[in-house]
Amino acid sequence: MTELTVRRDVPAPRPRVDLSTRLAGRTFPNPVFTASGCAAAGQELDQFFDITELGGVVTKSIMLAPRSGRATPRMAETPSGMLNSIGLQGPGIDAFLDKDLAWLADRGARAVVSIAGGSVEDYTQLAQRLRGAPGLAMLEVNISCPNVEDRGQVFACDPRAASEVVSAVRKTMTPDIPVFAKLSPDVTDITAIARACVDAGADGLSVINTLLGMAIDTDTMRPVLAGVTGGLSGPAIRPVAVRCVWQVHQALPDVPILGMGGIRTGRDALEFVLAGASAVSVGTTVFGDPMAPVRVLAELAQALADRGFERFSDAVGLAHRPPEAALPEGPDPVGDPA
Amino acid sequence: MPVQVLGEILSIRKVGAYQAVTVVAPGIAELYRPGHFVAVQVGGPESSMLLRRAFAIYDVQSRGVYGGTVQFVFSVHGKGTEWLSHRKPQDKIDVVGPLGKPFRLPTTPVRATLVGGGYGSAPLLPLAVALRERGCTVDFVLGAGSADKLFGQLDAKRLAGVIAVTTDDGSAGERGRVSDVLPQVLERTNSDVVYACGPMAMLRAVTEIATARGITAQVAVEESMACGIGVCMTCVLPVRGEDDVTRMVRSCVEGPVFLGDRVRWDDVGTVPADALGAPTGGH
Amino acid sequence: MTELTVRRDVPAPRPRVDLSTRLAGRTFPNPVFTASGCAAAGQELDQFFDITELGGVVTKSIMLAPRSGRATPRMAETPSGMLNSIGLQGPGIDAFLDKDLAWLADRGARAVVSIAGGSVEDYTQLAQRLRGAPGLAMLEVNISCPNVEDRGQVFACDPRAASEVVSAVRKTMTPDIPVFAKLSPDVTDITAIARACVDAGADGLSVINTLLGMAIDTDTMRPVLAGVTGGLSGPAIRPVAVRCVWQVHQALPDVPILGMGGIRTGRDALEFVLAGASAVSVGTTVFGDPMAPVRVLAELAQALADRGFERFSDAVGLAHRPPEAALPEGPDPVGDPA
Amino acid sequence: MPVQVLGEILSIRKVGAYQAVTVVAPGIAELYRPGHFVAVQVGGPESSMLLRRAFAIYDVQSRGVYGGTVQFVFSVHGKGTEWLSHRKPQDKIDVVGPLGKPFRLPTTPVRATLVGGGYGSAPLLPLAVALRERGCTVDFVLGAGSADKLFGQLDAKRLAGVIAVTTDDGSAGERGRVSDVLPQVLERTNSDVVYACGPMAMLRAVTEIATARGITAQVAVEESMACGIGVCMTCVLPVRGEDDVTRMVRSCVEGPVFLGDRVRWDDVGTVPADALGAPTGGH
């Protein structure tokens, strides 16, 4: 007979691992989230699985005003990755609050709202508008945006600029909402930016945003993307993302990390967790596999159970243990699977 | 509500320059309406290709031993369709569907002209069936580069009052483009409405011809898509809304079928300056 | 019948395109080279094809003294890429001159010698030893090395350090030998480093070296590589490499670029050329396909011929032409292939 | 000189826990000697897997309608071998070979014990044939985790004087490891030389046993390889040279066969401090 995988039908037998995770002050039921810009505001994916099953739903970065985004083509498929140059198309904060966030709150999802701006003032106003918004569980500050007041210099590439944005947002947002700064890998020293953000009050860090890349159409002999360059994402960048999580966790072991970049399976998610992530976002993989977030969650739970973990949190950063250190009670490295 | 199904290929056969694939996919047939499409994973588990490929649905069966099947027609374009062309019966593929907004059907029995370019005629054949079930009269204009790229001519003949065929090289029907013969067909049939699917340039020409006659054209566009389900924002084009405001709308969820005269054809591939949220000086 | 591809048998019918390319003062018969560390010193690949058919053979970075390299595991396969952490294993400059370079000279290959060191003095001495060495066609300065005199800060990540190395090498090497500095993509602004190198006397730039990445073994729950982090290469990084070549060519249009990063086909090579590379290196692809360099060369020649180019050099940087600019005499964008 | 060949698979069949693949690959048989290996591309043209997989050659045929074939035996380990296990006759795979340094054969007719672990016995069978052609007497010790992972037992019986079999779980032969029975076999046969192929721990134990008896062991190691042809430097292990200097040598070109007592078994996976060019304080 033919084998079928149909949505919703599989309430995966969840192994008995405590999957809850604390991100700064807040506890989430599990560590698997969507990634900003890869799940819109959750409604479309909710057709495929119950989005409240996820730890959180990270929304597409929202700006103050409605925004058309860039011209097309906006994407190019690349080996094990893709380039995108959307240009932060979105409805603006007002419509977002009215429709998207309201829907998420109604639905009972934990909304992680990503905000983006062109100036410190933009970010501050966004945080202002989001203060006390129902359904808001966490704020992610997308600082991979050009600073219109500084010749388009990207905030995330300059410790001072990053710090100003984060500090303004942290001061504006109520203390109960964790504020995460999202780091760009396109810097010489990601730990320097990480430190600047944390010193400025970031409660945690999202690691990583896309890498700057481009593709050239060898037929038209011009750049493929209307925006010329774009952001590279997907499994291709996973080794860079894992390295960034590792470095940031090593530099700032007490700061919670939301890790992402090319996660396709529970095994991939575990790689980020062992490197130091307290939660993960599944991004580009959703485009090829809409059910990926819940699948990754089930696979991660299984992988943890297989290794003898009783609590997800025991796995966070475990790959940093010194060479001959014993594993915590329970976990065992997996031997030859044969 | 679309479903994601890993289904077995029942058959894959050559039809002229194309291949038609039938795959077991329960849950799609039940919700299907003409104009819907599916998005298919390509390349297998260790593939370097991450994104789905979109194909218009040509046929569905909701019953039978397989509990539901869906058929689509494709031509080899790049790496993903190349891979697809090597699939064999019993191989499995992962299909998401039905996706998109289908063609809207008239509530009264009108006369409709269906214009298909290349494989674009595939979704028009089930549309013709649906229209006839509502008592409409259907006429077809089919065009392609060459005879082997015409799809569904026989089916169309069975379903249609009038059928006109064009090919760029004259290897079948009249030499030329569908837009060359469409005015005469509309004249002759006095159609109330036009439906079209095919290359963007064709859709634009069809829209202009229909609009010039004061009738509406519903067109199914083909924009490059990364997700097909509305979450990535790669598939946008400028469309004027009912409030007359132009927005960059997602062709995968707000389309692929649009009213032709709402699409800003001149501006496809750009962001018109008057679009909602268009860049103002600053960026 | 079964189809076969056997080495040497295929003297590919080379389309009549002038493939020669000038890199600073020197003309090479064609623009396809090996990549440093991916072809040893040419002897092994010469078993598969005639290495004198390539524009040049770029040798594994050589240091002053013999060097054991790092412990194993030294590699991990990643999606469309690989991580390596070899640690510059090599025989040292003396043995290299005696055996490797002598063999290349004898064989009639154009040797591009890559040098690496831990201090400006190391690089200077290496250049000194290579002065007047027979067979030497060009020098590639691998500055992605930790500076032992500056807390292991990588030369390529600091404009001043990069500049010092390049300037010392350029002063030491005879003027007839072009000196290329090899840039790391792991910097906030690659054009700043590029400029520093060129101002210090670099005749050209090799773009790019590997990206810093890592992988974690989810069974042992430790880093896969003995060296913890490693260099990411292969098609996965191609969009980053093309972007770097594009940016550097845009900033310094007169500086020749040896482009590399994930080239697998002639089409890929053309992407680099259109972005601004005057020659390309085929690296990681060789591991999976030893004949790749000559295949890429044949495919590139064909791709140029298909587009109406009579001279390779007319394609260099062509994707930068202004939006409505006409193409030079000859070339045509390729239309719908159907 | 190795060749790179895109050859058709003639057969792929299950042998216990393994699969044996025969592929058309002219040019390999002519140069082949026992101990050589091939490196195979996996995953197809759009695969995300870039690196070749290494397999010891089990058999070659230089004549026949196919103009040369090569056979190897593999177990599914990860993604690449998983892919390989789904190949079918007539599929094509890209093979490079013969690679590496083969076993050295004695110039006089000695008595040799061949020790194989799991699929490690595959290259020992043609070695036994070659040894016998030189008038040697051959004995076999074969071991594996369980009976289905023993390879070549029947062939070995045909070729050998003595054959001893062990499995970890006792499902065939004696329960235990090859190193448990090897001393008695060497005692009984009074072998002049040992050849071994299998897991690193086994090779180490075999070397120790042989060395203790004052006889040489030639062992074929298995190190993780990216290229298989000597250009990447990923496959190194510390080996003492004839000048007594330890070097990190490439197991793909200077091996995979080494004299067991030259391999610094304690230090495999590290760079011994006394190795040529080993880091000194600085790094």
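As written, the chains take the letters A, B, C and D, and residue 1 is the first residue of each chain.
Heads up, the rule we're going with is that a residue touches a chain if its C-beta (ideal position, glycine included) is under 8 Å from a C-beta of that chain, and two chains touch if they have at least 3 such contacts.
Just so it is clear, the model here is predicted, and its values are computed rather than measured.
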Via touching chains, subunit B connects to subunit D in a minimum step count of 1
Tell me which of B-C and C-D has more C-beta pairs in contact. C-D
Chain-centre distance (mean CA atoms) for subunit B and subunit C, in whole Å, is 45
Just how far, in Å, is the C-alpha centre of subunit C from the one of subunit A? 34
Can you work out the whole-Å distance between the CA centroids of subunit A and subunit B? 35
Among subunit A residues, those touching two or more other chains are 79-81, 234-235
For subunit D, residue numbers touching 2 or more other chains are 48-49
Draw the chains as dots and join the ones that touch; what shape do you get: line, ring, star, complete or other? complete
So in the complex, which bits of subunit A are touching subunit D? 79-80, 235, 338
Residues of subunit A touching subunit B in their complex? 2-7, 37-40, 44-45, 47-48, 60, 65-75, 77, 79-82, 84, 86, 89-90, 92, 118, 146, 148, 226, 234-235, 284-291
Spell out the part of subunit B that touches subunit C in their complex, as residue ranges. 48, 75, 145
Counting only contacts in the complex, subunit C reaches subunit A at residues 76, 78-81, 83, 157, 186-189, 211-216, 218-223, 228-230, 232, 234-240, 242-243, 246, 262, 267, 270-271, 274-275, 303, 307, 315, 318-319, 321, 327, 331, 333-335, 337
Of all residues in subunit B, those that touch subunit D in their complex: 43-49, 79, 83
